[in-house]
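Please find one structure pasted underneath; my questions will follow.
Chain IDs A, B, C and D follow the sequence of writing; residue 1 opens each chain.
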Amino acid sequence: MNNITLEGARKVIDAALKKSEELGVKMNIAVVDAGTNLVAFNKMDDAWLGSIDISQKKARTARYFNMNTGEIGKLSQPGGSLYNIEHSNNGLITFPGGVVLKNAAGEIIGAVGVSGSTVEDDHAVAEAGASAI
Amino acid sequence: MNNITLEGARKVIDAALKKSEELGVKMNIAVVDAGTNLVAFNKMDDAWLGSIDISQKKARTARYFNMNTGEIGKLSQPGGSLYNIEHSNNGLITFPGGVVLKNAAGEIIGAVGVSGSTVEDDHAVAEAGASAI
Amino acid sequence: MNNITLEGARKVIDAALKKSEELGVKMNIAVVDAGTNLVAFNKMDDAWLGSIDISQKKARTARYFNMNTGEIGKLSQPGGSLYNIEHSNNGLITFPGGVVLKNAAGEIIGAVGVSGSTVEDDHAVAEAGASAI
Amino acid sequence: MNNITLEGARKVIDAALKKSEELGVKMNIAVVDAGTNLVAFNKMDDAWLGSIDISQKKARTARYFNMNTGEIGKLSQPGGSLYNIEHSNNGLITFPGGVVLKNAAGEIIGAVGVSGSTVEDDHAVAEAGASAI
């Protein structure tokens, strides 16, 4: 498998939902494929409406640059080498919560984006999702 | 329930996936809530990439006007009373495949949009999804 | 007065609401000024969500060309002289429901756009609003 | 009531207008429902044209994250955990002036956004509007 399947994306989302329930948070969870196209999405009841878009942008941002979104955010600060890169691609989100998805061979097959709580929680839930592959 | 829940949206998607498999088609399936916000989405493997957006626009269009999308398309033809209504709301899709979701009391609680095959198949799969509520 | 005031816009909306109630319809009503900027807007309870944008686009379209929206729609049909003009200005709506607002001297001071029912009802409510000035 | 009505939205706007007059400021005032859809809007005569959009974005931003807009702005600064979140959702406004609207049971039923003066004035007028519910 060199691209995430729907079956794989649903496993990611279910693992992320399970982690969210453990943490007691309400999340939006998006999975994109290797081409940055949306494969699956779930919004938990009462999760922030503004995080529907953010979770998808986090997933795309992670795959756009093949790294966790928080890594890009370190470089996009004022004075940083990628200052205001968020203006590209119809809007990036560069704080934590976007994580790349890899297959057993270590190849990137997509990304997961999570939004709805603190960036620490968002990242933890995204990691839990990514671990399900 | 006067707004679709994630549990309800997942039932809609699973019923739509089952119908798609019966028909042997590859679909994109989107569920929006009563406020037209995305609640759940699934893209079947090898489904058209262009239908990711279309399925979401169909779901929103159905809820925007509280009717199946194909009904609007009858009125938006050249010479019709709603000609080129598709230019509103960041783009409508007005051919079949978008169906409103109702609760037991008959209240509209969201909508489902399906895209990936003929409009007849799209509509049949959307109806199968809507029937799961 | 060569530009609609908030007081004037509120009169337009209240007259339009009164007419809507007489007709038993649920409308979205928007008033723009001579510069096409939004001055006032009201969405009646349970009015179509998709008509929030359409009512505003009708008002702007009427003022963009200083004529009722339905007049433009006659010219934007396939083969017509303004075919697909709807692609301009971030989306026009060219079926009835947008009406220019004039002061006592006959100068255009803005426009009203109404959406939520048939185009005949939309136009009648817009005219009722325009008559309040 | 678990969603703002037009009657409620008009009360919010009228209270905000009254406060604006007391402060001697010219405001744009927008009310959105629980689904972030526009319900009512008023632009005072000579209020900034650029604030028409800002007031609406403030209202949506408050409802997107269920908090006053100024709270988000504290976190979206350079080096902050939500740096550049403004690039999501077709543009957020994260300085003060957006306030959530709650019913008697404390449930969020929409939001009000105000723009046209200092952020302190904007927030005070939004709070006055929110108190009318």
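One rule holds for everything that comes next: contacts are C-beta pairs under 8 Å (C-beta built on N, C-alpha and C of every residue); 3 or more make two chains touch, one makes a residue touch a chain.
The UniProt protein names, listed by chain, are A, B, C, D = Heme-binding protein.
All values reported here derive from a predicted model rather than from experimental measurement.
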item: Chains in simultaneous contact with chain A (Heme-binding protein) and chain B (Heme-binding protein); value: D
item: Separation of mean Cα positions, chain D (Heme-binding protein) and chain C (Heme-binding protein) [Å, integer]; value: 25
item: Whole-Å gap separating chain A (Heme-binding protein) and chain C (Heme-binding protein), where each centre is the average of the chain's CA atoms; value: 42
item: Centroid spacing, where centroids are CA-atom means, of chain A (Heme-binding protein) and chain D (Heme-binding protein) in whole angstrom; value: 29
item: Junction residues of chain C (Heme-binding protein), two or more chains touched; value: 49
item: Graph class of chain-chain contacts, one of line, ring, star, complete, other; value: other
item: Chains that touch, pairwise; value: A-B, A-D, B-C, B-D, C-D
item: Contact footprint of chain D (Heme-binding protein) on chain C (Heme-binding protein) as seen in their complex; value: 5-6, 9-10, 35, 37-45, 49, 52
item: Complex contact set, residues of chain D (Heme-binding protein) against chain B (Heme-binding protein); value: 2, 33-37
item: Chain D (Heme-binding protein) to chain A (Heme-binding protein) touching residues, read off their complex; value: 35-36, 60-61, 63-66, 78-79, 81-85, 87-89, 92
item: Complex interface listing, chain C (Heme-binding protein) residues touching chain B (Heme-binding protein); value: 48-51, 53-54, 57, 73, 76-78, 84, 86-87, 91-95, 118-119
